[in-house]
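Two complexes are shown next, each including chain A; its partner changes from chain B in the first to chain C in the second.
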Partner chain A sequence: MSIQDLLSPFTAWKNLFRDPVTIQDPFNDRPGSERYRGFHKNDVASCIGCGTCETICQNAAIDMVVGEGEPTGAGDSGLRPRIDYGRCCWCALCVDICMTGSLTMSNAYTWVERDPDAYRFTPGVDKKSWDNAPLGYQRAESHRLAPTQRVTMGEVAPERRIGSFEEIVQGYGVEQARLEADRCVSCGLCIATCPTHMSIPDYIQSVRDGDYEKGLALLYETNPFSNVCGRVCTHKCETVCAAGHEGEPVAIRWLKRHIVDQLPVEKYRRIIGDPKPPTGKRVAVIGAGPAGLTAAFDLAKMGHSVVVYEAREKPGGMFRYGIPEYRLPYDAMDIDIEIITSMGVEIRCHNRVGTDITMEQLHQEYDAVLLSIGLHLGRSTRIAGSDHKGVAKAVDLLRDIADGKSIDVPKQCVVIGGGNVAMDIARSMARLQKSTQGEIRVTVTALEDLDHFLADPEEVKECGEEGIAILDSRGPQEICLDDQGQIIGLRTWGVESIFDEQGRFAPRYNPEDEQIHPADRVIEAIGQQSDVTLLGEALTEKLAWNRGRIAVDGQGRTSEGWLWAAGDCVNGPDVVHAVADGHRVATDIDLMLQKKR
Partner chain B sequence: MMRELYKKTKQLFPLGDLTEQRHDLVFVSIPHPFLSSLLRHLRDKEGFSHLVLLTAVDWLERGEFQLTYLLCNRSKAWDMGVRVVLPREGATMESIHTLWPTAATYQRELKEMFGIDFPGSPGVNDDFILEGWDDIPPYRRDFDTLKFAEARFTQRPGRESLDPAQHMAKHHSDGS
Partner chain C sequence: MVYQPDRSQYPQQRADGSLDIDLESGKYLKLWQGPQHPGITGNMSLELTVCGDEVVEAKTHVGYLHRGFEKLMERRTFIQCFPIVCRICVPEPDFNEYCYAAAVEELAGIQPPERSDWIRTLILEMGRINSYLMFLGGQAGSLGLGVVAQWSTYVRDLMLDRFEELTGARIYHMFILPGGVRGDLPEGFQQRMEETLKEIERTLGDIEDVMFCNAVFKKRTVGLGYIDPALFNPYGVTGPNARAGGVAKDVRRDQPYLIYSQLAFEPIVGQDSDVFARADVRRRDLLLSIDLIRQILAGMPKKGPVMAKIPNVLHWKIPPGETYIRGECSRGEYGYYLVTDGSGYPRRVNVRGPSYTHAVALLERLIVHVNISDVAGLMVSLHTYPPEIER
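On to the complex of A and B.
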């Protein structure tokens, strides 16, 4: 033993008077560090119950359970994560993936309890002392497990597209679609919001897998109009997409279109399968639009014989006659219609019920009749001068364009309305002006201010790109005429409010804020109604009505046992809602036909 | 500047592109047979005397492991990461414990966590932290952590979980 070994213990004595590095009092709080991953906190008000935390948890420590006071609603399952701390390893993957940022971790890490089940609780719902702890782990802003921006969609540039009715949206390629599909966390919150409850996460999965045949089969389970809806669906699903809370929602609509784009139409029938054997029952459908044709497709698949009566030259209804070709090319729509007729549905175009055949005849000849006539009559503002021949309704003009009729293109036109139809007619007019006159002079005047516009934001944006002037908060007062009785413009007042205290439509204007928008043509696009003259007087009298529309129950039955009604004519305009409606009435008609058998 | 160093070194070794993460942190790649010569050169001629760490990334889709050797030049406060790529199948890499004895510890860890072998490295086959491990190395990306956890650790009784979409189909007003 050396002398140093003997002395060294004493050298430690020099530390006796230093500040200790340990904490002296072990009985009081020792808070975790600033970004410590302690017990979870969940802001249950911003949590949407998507279950992504449960999916990512590598220890199966999270269950989704019914939260207290969190009702199930649009985009919120009402479920909240319950964590089993016997399994949690505090890795914080759940915090990193959380789609809303509601799930975080406190810096609390000490908690003593005799009951082991107490360590399984629902953060935010089961109150804990650390619920308001300011410190603890939160995902850093720069730290994301999934991209927040959607894959950019190729679009034809404004200067090129404005000269024709060429389709604007180009569709995703396989690689782009896969990247976009990868952003979906498969939570399925969108399914409840989609009117026809498409199995969205599953068909997005098929894009990831590159299994387009499976994708198409999934689409056809709930929607025979995927070529159409892949382009012009109102995509309510995207408004509730979990990815939309801290980024852009997944481009669900474009992914749907991608699936149908990948398969040649010859393959469709094999994937969808054949109809059931004939039942001998006959159903008449009035109107070859989305609701009528969806019902026809379903009924034909069930083995019933279906005849669709269509007044116009071609089938498609509001798809063909209400949506311009640059948004929905006729070829795309024709694919969907071709598949429907291939199931045995007979479409008789140029066959106007009420003129060529009466409702009574249909009633006698068929076991059931479905009325799905859409909204083909434009409403009028009824302002002074609105009966002038130079004032047109948007729906009439859109129909003429779809029919290929020559349109008297105005040098300068004003559109009244702020919905998608107003945008459709404004952009159609701009295209016609560009190709015939080389110059675009279209003004849109809307009652709503831009923040409350009824049209889709992308429509408004694209209008701007195409050189259309949009004036918001303008209320139409009068069509101004010159001495020769020609239209010279539209007089508007600024809008102060649109609804009264009871929420009724009662616009108030500021007459001081007056403008005259020069125009040689004014187009009204303020809403549509059904042309119900086909019903005839007796039936019109017999039927129950609800504020100008035919009254129907939850299954689409009218007050007459043999007559159903579906689609825009009972619900107002919405493509995918019409599809959902078509399914609903088809199911109900089938039930009735089975009973009759 | 590290860029000068890169240019100079590139004349001697088949270096890949330079990635400048920061002014004092760069990454270079090199085919793995040249690794130990390069590290020796950097240590003895360029002052990178310290092996900061040795780590791996599993590029499952490409069938490769990527090793990163992070070196530090203390006097200049420069860090340089040297990257090599190995085939994932039967991954084996030359040991550098003769350059830095501490490398043996990193190599032992990589053997255990990724299954990358470093023949001749002292104790490379000894357990590191996973005593009694009998599954595939857990840092390999084809290791299914969730499956492992579910098989190994029993659930406390009384647990149940609801699927958000199915729950909404039952309870959301539009969800019928």
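On to the complex of A and C.
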């Protein structure tokens, strides 16, 4: 103790003359810092209603509610997060996990209301003064709570695969699949978009858990063609995947394939279970493609007796005769078909309805008939020279390749078309050229520009890798012939526009931008149609039609009460759509059969 | 005032060890201090038995702040525990965030980037400064020096501004999460931090004048609440409470974590092991933290990621394992014991808050023979935060 200890405390008095350090709110505004976690903002236009914010919120402060005025569509649930500030702890995990980056926070400090319920609000939908505040918490670029990049899929190198029809995609290993499955946030937007509404998040979870038997059971609940769809599905699910908004979508298709790859076929039946006891009802299915066989599978499971009439040598329809082996190996589709036949479905191949048996006979012999005949006739461009014998339809050639027929491989060929079938035939021709003449001379000409190709981007990319020339925005004008009447090439003009102002197909060309693509064969791949001659004149007359396709109601029933139609012949080409269609008609047929009982 | 082993002048002990206090005799009085009381740190109660103005026995009662954090975490995913843990200690929440994140990272096999370790260290030291500033105000206030709390709160607010611009929040920062930290330093942060540190140093000078060079404060605190260094280990005394008794326990040096091994410092120790010595150790430790922040900002790598790649947190499963992560917080050794069982939820999270040992067993022992007016000063000098006790 010293004299200093007595006097020193009095130095506190010097503060008498200091300015106060307090900030008087609200007279002096004190804005929050740049990244202050204030009140929530939501850019409702980019929000997809995936609900990951709701999932991660440990306070249960977020509920997904219908966003007034927010349209629901593919990839958007129409729901928007409503936040209860009686529960929120401002941790901002919702902002961090947000798959689109739409959810952010303003740097607003204070919010005063008399009504306590006002503090439960839907940001973006309920307008607030801070909605346009430029500052506030946003997820930093590098700060991600879920991996954004897809696990790379192993593929056979272009130089090796071009020499054969070997499958290109090698499939995920167990650890790769687990890592990829880990990326899924289980929002379920994919379920809503998938035509057959597969339980995608659940089967992806089974990959994470390594529970493949459960995964297979889930697959078979909605899709008996998982070997097929795991390879060639148009994966609309991935288009809407929440992870795709700020990263790559989850490889849903490959994960599906991974599940089926992990289990031996012998286990399938035990997992799927046995059909119900026979009902005594008989159903005929015309065409052993994805729609017909799916319906057959469902009906057989329900206990009905199903006979499938298939005109060709083997079942499979469009996916056997329309998709090359390097994308969908025959072994893989055979597994799916084998399971379907094991359920008691009888497939009668080499049995062409209309020739071997008539529609009328089927009508008499069976309780219900399903028409699922696919699209096996190629359309023609009808340009000058397109009736030349050297001009072929892609579907016919693909079918011949699948049948193992010997193909007269052209030295140089041009494909007309920009869809997946065009890519399929171009790549098949390239493979045949490589194995017969050692060099690839295939050109694809398409009306669309590259950004609007109908084919999958990876198909286009792989075409390029395999040495196929792709010319976009080229409109076919004439098959050029020499003096001997042999094809020497295809003359095309540059495309200025494809559709008119009303959105109708009316291509406009620039004749000055003319090119002749040398070829000794031209292949048309511009679309397909059904071969409906099997119906016979009387039935064709009786049936209602819709733009050249058989008209059906929501359940797939035609205007004739005993006849249903499903698959590509009704909806256009798409495997998974056909599967969904098969389920739909099977349910309706079963309903009808129960009533008949 | 040394603990009196000679109990002859105190109430007789019964066979079970409890004191034979006959309240009817009029000699003793039961008195509750807390749970709401300016002399109690946080919400807890002391059940005092006084004889005249001298405490002869005290029982601590906790539970007023029990929110069941440890149990809550067993039903939350690993990422969902992150916003919870900071609430276990209000004035210095960052240790919870760090210990939890480091425990999860160890069991999940994640290596946070180097730069995030520097930022984490920076935040822990900033939090330590805040905690000490709060202590200084409390210690002075408990003995009637109200002005110190006003000054320390002012500079603490400046540090909260730095927290706000760095982490986006003032109190519960929620910035250190498994994998790294949420963001990088904002533009111009170092300069503004330097201004804040200077202001704190200036204020500390003032506080030294009015608190530490103060006859009243010295008279009240020197010799009060003496802890015999022999009690340190049996009672689990750590941190400034131990260092004030000459034992240089400091996890930052004894078992360096984050980037402490790259910083130059020596633990601050005192000698007398009383209330004054403890306050002084904390004041000097605060100055050390200021120095450490300057070292960190000068030595930090200028570029680099602050967040490691982590799995999808929505269904993050961590292989079975257990670990104990510890660090030196402003009150002593802070630790998280985490057990995982391969599921998406922690099997057990146990928080070792230093307040548990200091505010219960140690306080009950020290308080005997203390004048009732010194109870608040004694309790504050142990620097305890009740939420840590009853996580």
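Please note the rule applied: the second predicted complex is superposed on the first by the 572 of 597 C-alpha atoms of A that agree within 3 Å, B and C clash if a C-alpha of one lies under 4 Å from a C-alpha of the other, contacts with A are read in each partner's own complex, and residues count from 1 in each chain.
Simple rule for what comes next: contacts are C-beta pairs under 8 Å (C-beta built on N, C-alpha and C of every residue); 3 or more make two chains touch, one makes a residue touch a chain.
Model, not experiment: these values are computed from the prediction.
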Three-chain arrangement built on chain A, chain B and chain C clash or fit: clash
Chain B versus chain C as contact partner of A:Gly73, first or second or both or neither: first
Partner chain(s) touched by A:Trp90 [first = chain B, second = chain C, both, neither]: second
Which partner, chain B or chain C, touches more chain A residues: C
Chain B versus chain C as contact partner of A:Ala506, first or second or both or neither: neither
First, second, both or neither for A:Gln58, with chain B first and chain C second: both
Touched partner set for A:Ala538, first chain B, second chain C, both or neither: neither
Partner chain in contact with A:Ala140 - chain B first, chain C second, else both or neither: second
Which of chain B and chain C A:Pro195 touches, first, second, both or neither: first
Partner chain in contact with A:Gly49 - chain B first, chain C second, else both or neither: first
Footprint overlap on chain A, comparing chain B with chain C: 58-59
Sites on chain B touched by chain A in the complex: 145-146, 149-150, 153, 155-156, 158-165, 167-169, 171-172, 174-175
Partner chain C, residues of chain A touching it in the complex: 1, 4-6, 8-9, 11-12, 15, 21, 32-37, 52, 55-56, 58-59, 89-93, 96-97, 137, 140, 142-147, 182-186, 205, 208
List of chain A residues in touch with chain B within their complex: 49-51, 54, 57-60, 62-66, 72-74, 77-79, 84, 86-87, 116-117, 120, 187-189, 191-193, 195, 197, 201
Parts of chain C lying in touch with chain A, wherever the complex brings them together: 76-77, 79-84, 147, 151, 154, 157, 161, 164-165, 167-169, 172, 174, 182-184, 186, 206, 209-211, 213-216, 218-219, 305-307, 309-315
